[in-house]
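Chain nomenclature is as follows: A, B, C, D, E and F, assigned in order of appearance, with residue numbering initiated at 1 for each chain independently.
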Amino acid sequence: MNTLTRRLYAARTQQGAGAVPTPVPAHGTVPAAATRPAAAVASAADGSDPLAAYRITREPYWRTVGDEVALYEAAYAVRMPMMLKGPTGCGKTRFVEYMAWKLGKPLITVACHEDMTASDLVGRFLLDASGTRWQDGPLALAARYGAICYLDEVVEARQDTTVVIHPLTDKRRMLPLEKKGEVIEAHPDFQLVISFNPGYQSLMKDLKQSTKQRFGALDFDYPEHEVEVEIVAHESGVDRETAGKLVHIAERARNLKGHGLDEGISTRMLIHAGSLIAQGVPALSACRMALVRPITDDADMRDALDAAVTTYF
Amino acid sequence: MNTLTRRLYAARTQQGAGAVPTPVPAHGTVPAAATRPAAAVASAADGSDPLAAYRITREPYWRTVGDEVALYEAAYAVRMPMMLKGPTGCGKTRFVEYMAWKLGKPLITVACHEDMTASDLVGRFLLDASGTRWQDGPLALAARYGAICYLDEVVEARQDTTVVIHPLTDKRRMLPLEKKGEVIEAHPDFQLVISFNPGYQSLMKDLKQSTKQRFGALDFDYPEHEVEVEIVAHESGVDRETAGKLVHIAERARNLKGHGLDEGISTRMLIHAGSLIAQGVPALSACRMALVRPITDDADMRDALDAAVTTYF
Amino acid sequence: MNTLTRRLYAARTQQGAGAVPTPVPAHGTVPAAATRPAAAVASAADGSDPLAAYRITREPYWRTVGDEVALYEAAYAVRMPMMLKGPTGCGKTRFVEYMAWKLGKPLITVACHEDMTASDLVGRFLLDASGTRWQDGPLALAARYGAICYLDEVVEARQDTTVVIHPLTDKRRMLPLEKKGEVIEAHPDFQLVISFNPGYQSLMKDLKQSTKQRFGALDFDYPEHEVEVEIVAHESGVDRETAGKLVHIAERARNLKGHGLDEGISTRMLIHAGSLIAQGVPALSACRMALVRPITDDADMRDALDAAVTTYF
Amino acid sequence: MNTLTRRLYAARTQQGAGAVPTPVPAHGTVPAAATRPAAAVASAADGSDPLAAYRITREPYWRTVGDEVALYEAAYAVRMPMMLKGPTGCGKTRFVEYMAWKLGKPLITVACHEDMTASDLVGRFLLDASGTRWQDGPLALAARYGAICYLDEVVEARQDTTVVIHPLTDKRRMLPLEKKGEVIEAHPDFQLVISFNPGYQSLMKDLKQSTKQRFGALDFDYPEHEVEVEIVAHESGVDRETAGKLVHIAERARNLKGHGLDEGISTRMLIHAGSLIAQGVPALSACRMALVRPITDDADMRDALDAAVTTYF
Amino acid sequence: MNTLTRRLYAARTQQGAGAVPTPVPAHGTVPAAATRPAAAVASAADGSDPLAAYRITREPYWRTVGDEVALYEAAYAVRMPMMLKGPTGCGKTRFVEYMAWKLGKPLITVACHEDMTASDLVGRFLLDASGTRWQDGPLALAARYGAICYLDEVVEARQDTTVVIHPLTDKRRMLPLEKKGEVIEAHPDFQLVISFNPGYQSLMKDLKQSTKQRFGALDFDYPEHEVEVEIVAHESGVDRETAGKLVHIAERARNLKGHGLDEGISTRMLIHAGSLIAQGVPALSACRMALVRPITDDADMRDALDAAVTTYF
Amino acid sequence: MNTLTRRLYAARTQQGAGAVPTPVPAHGTVPAAATRPAAAVASAADGSDPLAAYRITREPYWRTVGDEVALYEAAYAVRMPMMLKGPTGCGKTRFVEYMAWKLGKPLITVACHEDMTASDLVGRFLLDASGTRWQDGPLALAARYGAICYLDEVVEARQDTTVVIHPLTDKRRMLPLEKKGEVIEAHPDFQLVISFNPGYQSLMKDLKQSTKQRFGALDFDYPEHEVEVEIVAHESGVDRETAGKLVHIAERARNLKGHGLDEGISTRMLIHAGSLIAQGVPALSACRMALVRPITDDADMRDALDAAVTTYF
């Protein structure tokens, strides 16, 4: 077993009084009212808290399987920058949300991409009626006021993005805003977290060693069978038998990874299928729509997966 | 049969009183007056409704063949992001317009292309007399006020476009406007829909697995013979016999796909040919102009298709 | 015969009273006065007509040989987007000018190139004394006020240009101005026309099938012998014998296309040569200067073409 | 002989009263006073003539050998766009200056390069105290007010530059300023001239056929022996014997073109060498410095050329 | 031994009165108060000192092993530009901080990356209410007021960055601000220092010889065993036995460099592992998280390293 | 011998009264006072002289060995553009400074790089409180007011930079400011000088022949043994015996050029080593730091060079 941690992927969201009491599926039958169960972000009214929009007010559901929570807490205690490794849709983003909630720290998430510039992280001057005005980027905001800054899929970003985090990830803990001529000393609460999917990196896209060495790392993977059944049942609203069938289908597909499939079927996709079934969609249609069609355009692979579906439904 | 759904491609547009009562061909003999039968978009006068321009006031014609409407409704109920797959001109855009009308939701369509940036979707600051002013992009507009946002041919877009939709397509349902320092929580009505043509992707242009896994998917294809005859006759104004000949020609051409033709002749092209015939153009000339010349520059292929045309006319 | 239409390439421009009564050669001995026979564009004085600069006030000469005028009229009646295909200098631009004149519609021509952006077509914000001001691009201008918009050599443009025309070329007939947050419904008079030279496209530069399928197409080619003689004589002012010799030289060169020449000698080049001869330049010099030197730098090919010239002169 | 024209490359500049009476070498011992013999551009004081800076007030020396002047005059009479072809430093630029002087037309010269944009030719909006202000580019200036516009080494420019000249080089003779929403009808005096060196084009850099076919073309080459001796003697101030030796060296080097030398030694370089000799520099040093070192870094080729020099000096 | 210098990597930070008296681990359990032990930068209140933010007020810990401090002092005495060479995480940045503190000079550090432009170093005009205002970049700031300017990983930068430092690194010691039209003569205190990791450069990314020759160079490497044990114990708070085990693991991993590992385990990583152990994390978990997972995604290599860990713990 | 000129590389700077009387090493122990021996640029107080910052007020040391000074003077007399060729650090920049001083002309030096645009040379509009304001670039400044403009390593620049100098390097001697609509006639004192290192150009980076032919060229190389010893002793402050050893080491290294070394050890590097020795650094350490470490990262080559050092010290 080369996987350090296992976690329960679920969201036993602690809802406020008067909220919908029934289980809320992943994408929820969103009520028209303003109470948004799917959102973990709150907005302060007066604006005096620059991080108000990034505070997590409801506990995201996370069932600890291994020691991942304790390890993260120890890493946060010494403000060690953290790297979360694992395949698509296995819960890395959820975990960092959970930890931010548990530690009571705001969380600023940035989805990295290859056209993102250092300025998108650090900030830029905007033109105002009275001239130029500096606007902190998400990294500067997190460093200045003390948030956990989570750079999702950092390997997608250009090098300037990864280099810009270096002074924040060693003993200096500072962020030079060269264009502004200011040096931000990181707030004591600030921590940097990055994620990436080891199956993705090519020779062209990998983190530099001088970046990797600045982080502690936690491995993530899909949950074990029983745990995943529980998650799917809980999140989608289907019974455990149906959830079990869905997990079996996923496990078959995951064995095809590298043999015609780039990635297996994730827990998130199982919850999609379950949600459709819970809406009354026939299981065969739901699985084709939520599990098979999204991940392959190849006719043979599609037929193979469809056959796997009919084995169980 | 690997095609989940079949649909009637037609536009039995519900027209207002006093509108032209005769069948309106696809490109219609556009009357000089302001009643625009071809347009499915209405503009509110007072501007109090920021999505007024995107509301669909007339029912687009759609004849359900399979379960595509029911499946889409179930997906919308749980706000599952949707991916519509299928060849060029087979009705994906029409379907999402129909569903938006049926669900009573505004529809914001964005034609994706390789020079589109994340800012084109999310928004940007504009310089004003009183300084910079934020302008929501179409994705932010849809997320803020609650529209279906349809990204057509999303695979053409650069990675930053596809990554920017991630936080809107998982449980978070939020859109960080990093340049503005704001986080939009998606309106309960918001849903994201993307389309792509599986025949197009190359190694260079494919959606990332971490994107694909966020969507449920529906397959689309050209309609079956009788259905397509009915559509062509209805849309172009020719009789069923002529429409039947046109569909036969298209079916021959579709068999050549991959053998010298990149794509077959679409339903849209058949309606073009029929419309010309209905205008009095000889069938041979109409077919050459609307079916053959647009899709091939190769002399042999052109002769083969011309011969197919003369078989029927 | 794979060529649908043949047309007389000439410009028996209808000139106003007091204009030069003698035949005006292609590039005309331009008189110093303001009456510009070569220009087909008029400017309105008061500016109340936003398309005044694009109205064609004098009939461009066009002798219909086949059914190209009737076909185009039928296509315009249903507002079918049109694609004009054919080699360099064979009259595609002239034809669309003639049709615009005949239909009484303004014509906005855009020469496409690989550095043209979608903003060059659609419009952009300009900075003004009172802030930013939107300026419609040529496509938005044509769609808003009702002109024929002609995108010359559209295959040269980047993909974003070709994708931006999609919503204008299907039933929607609309142009979203995403940066402005406005959706233009196309004026009833609006039509989109594109041209391209099938000999040019490479694997790198071809229109996408999803673009091609939106257009009806007309083929163009060089005119037949007698017709071309008449055109050259009329346009350049040389006698029919000299014009006949020039056309014979061109026909020889056209046979070399693909065997050392990328393109043959066009009608336009023959008019150049004739114009020089009409100015008293010896025929040999005129042909070398106007027919041979422009199209080849290869010594052998140049000698072969020079020899062809001396066969006739 | 595939060279149409030969010209004497010299500058018997017509100097005003009181000017230096002795022969002025190519780079002249520039006097400290304001009378600049090397400059062919005059500045008007009041600014009422927008082309004043581009008028040529002194006759550039040009000795007609063939019919190049007559041919150009005929081409200008019909406003045929012209293309001047020939190797580096053989007098193309001088010829167009001479013709502009002879025809009494202003000359606007643009040195093309691969980073030049269409805006560099056509114009752009500049930000002013009172908002944006349009500034004509050199091509718009020439078209609006009537100058000969000379695009030097046009093949270096990007495609957008070459496409932008199309509407000015056919019967339309107009320049659409799309960003400004204006269409310039070319002034009757306007003519477009381009140059290029056929030895340079690669597959990557060649003019499109649809561009080439719009121009008449004149070939240029180095002058014949006796003519070149006269030019070098006249321009540099050395005696005919020395000039003869320099021309012999150049002729040897020109035979090495393609055999280790990309280009031969041009007339301009001979005048450089002669000027140094006239300044008292030993002939060997002058030839090494002005003829050999500039064109090769290869030790063998340098030795071969040095040996050629010592054969004559 | 090809390593010139060895240094003790530690940070016996001289803390102000009232500061935390216990050993502070690398990433320290950051206290909530404002005394930031990890930061070596102080901010002046009145702003009269433009380099105040760059002065190092507390002594960074540096134990001299070889002659690196004396050599650097001699280099600074003649203001020789310096190049620090060595692998990731071996103390180059710490050394330059120590020397800046020892010499009493401000230190401006710039993390170079491939999207950094010359303007990012030199400065740019910003738009202000009263027009444009020049803002010195970090290099100009250092040259103007007299700081040590440290360009970290300079080989990542584009050529314009490296060329811009040339006039500052020869006898001229000046920095032309071409956009401003000013020439800065370097302040007598100014010195330029660059770093790079010789293992990184490829053919595509190497410093030009004309740049390298402008610098004196010092080699850095990981410290010897006993020294590294002391550093790890001191910095992380673990006992010497545990530190010794960690160093043994690192030494094993360093032998794998080039045999499946791009880089060995750095001293910084050992301090990470020690800090976790000091927080109570089991040694096995701490080593996997801080030493193994960050540097490899390869299953075999990960198992090999995990085995090395279990040898010692 | 293919080297035309030899020069003594030294800087017997003529210092003002009261200046430091002792020999000043290359990087000098910079005194805290304002008298900057290393700077050859003076600043005028009133600003009435736009070239004041570029005037050279102290004689740079240059010992003429061959005829390079006389040749340059002859070239300047006829304002022939000059090209200085030679390896890194052999004195090209010093020579042009010396000649500028000797001729009494200001010198504007531009370090070229691949991101430099034509605007960086020619000038640009800046936004001011009262609108846009033109700012001459260094080339325009030199041409307008009469300086020698020295483009260092011009081959690094993009083509637009090299094409922009064409009209300044032929008989026209003018610089069109197309963006400003102005044509600068070059001041009589203006001369253009470029440098490049023939060992550097690749197929991708070479000057165009049409550029090279516009220049006279002078070759530069490292000085002969005795001369170099004198220079090193004089510039660094070491005795002739030590300087002789340093030159011997350099000569050995220069023989390795092309056999594992891209460039040999330059005179500048010897002065570095000497300066360190003069500061009391042991010769072995000084040579490793100043001669060996900067030019190689290869262990074998480093050992070979270290051995060469120990042969002499």
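Basically, contacts are C-beta pairs under 8 Å (C-beta built on N, C-alpha and C of every residue); 3 or more make two chains touch, one makes a residue touch a chain.
What you see is a predicted model; the values in this text were computed from it and never measured.
Least step count on the touch graph, chain D to chain E: 2.
Common neighbours of chain E and chain F (chains touching each): not present. Annotation: the chain D:chain F pair of sequence copies touches via predominantly different residues, less than half of the used numbers being shared.
For the pair chain A and chain D, the distance between mean C-alpha positions equals 63 Å.
Separation between the centroids of chain C and chain F, computed from CA atoms only, is 55 Å. For the pair chain A and chain E, the distance between C-alpha centroids works out to 31 Å.
Shared contact sites, meaning residues of chain E that touch two or more other chains, fall at 127, 130.
In terms of which chains touch, the assembly is arranged as a closed ring, every chain touching its two neighbours and no others.
Ring order of the chains (start at chain D, first neighbour chain F): D, F, E, A, B, C. Here chain C touches chain D in the complex through residues 11, 25-32, 36, 38-41, 43, 53-54, 88-89, 93-94, 109-116, 120, 124, 126-130, 135-138, 141, 152-153, 156, 197, 262-263, 265-266, 268-269, 272, 275-276, 279-281, 285, 288-290, 293-295, 297, 299, 302-303, 306, going by the rule given at the top. Those residues of chain A that touch chain E in the complex are listed here as 2, 4, 67, 70-71, 74-75, 77-80, 83, 85, 117-118, 125, 127, 130-132, 158-160, 162-164, 166-167, 170-174, 176, 178-179, 181-183, 185, 188-189, 198, 201, 209-210, 212-219.
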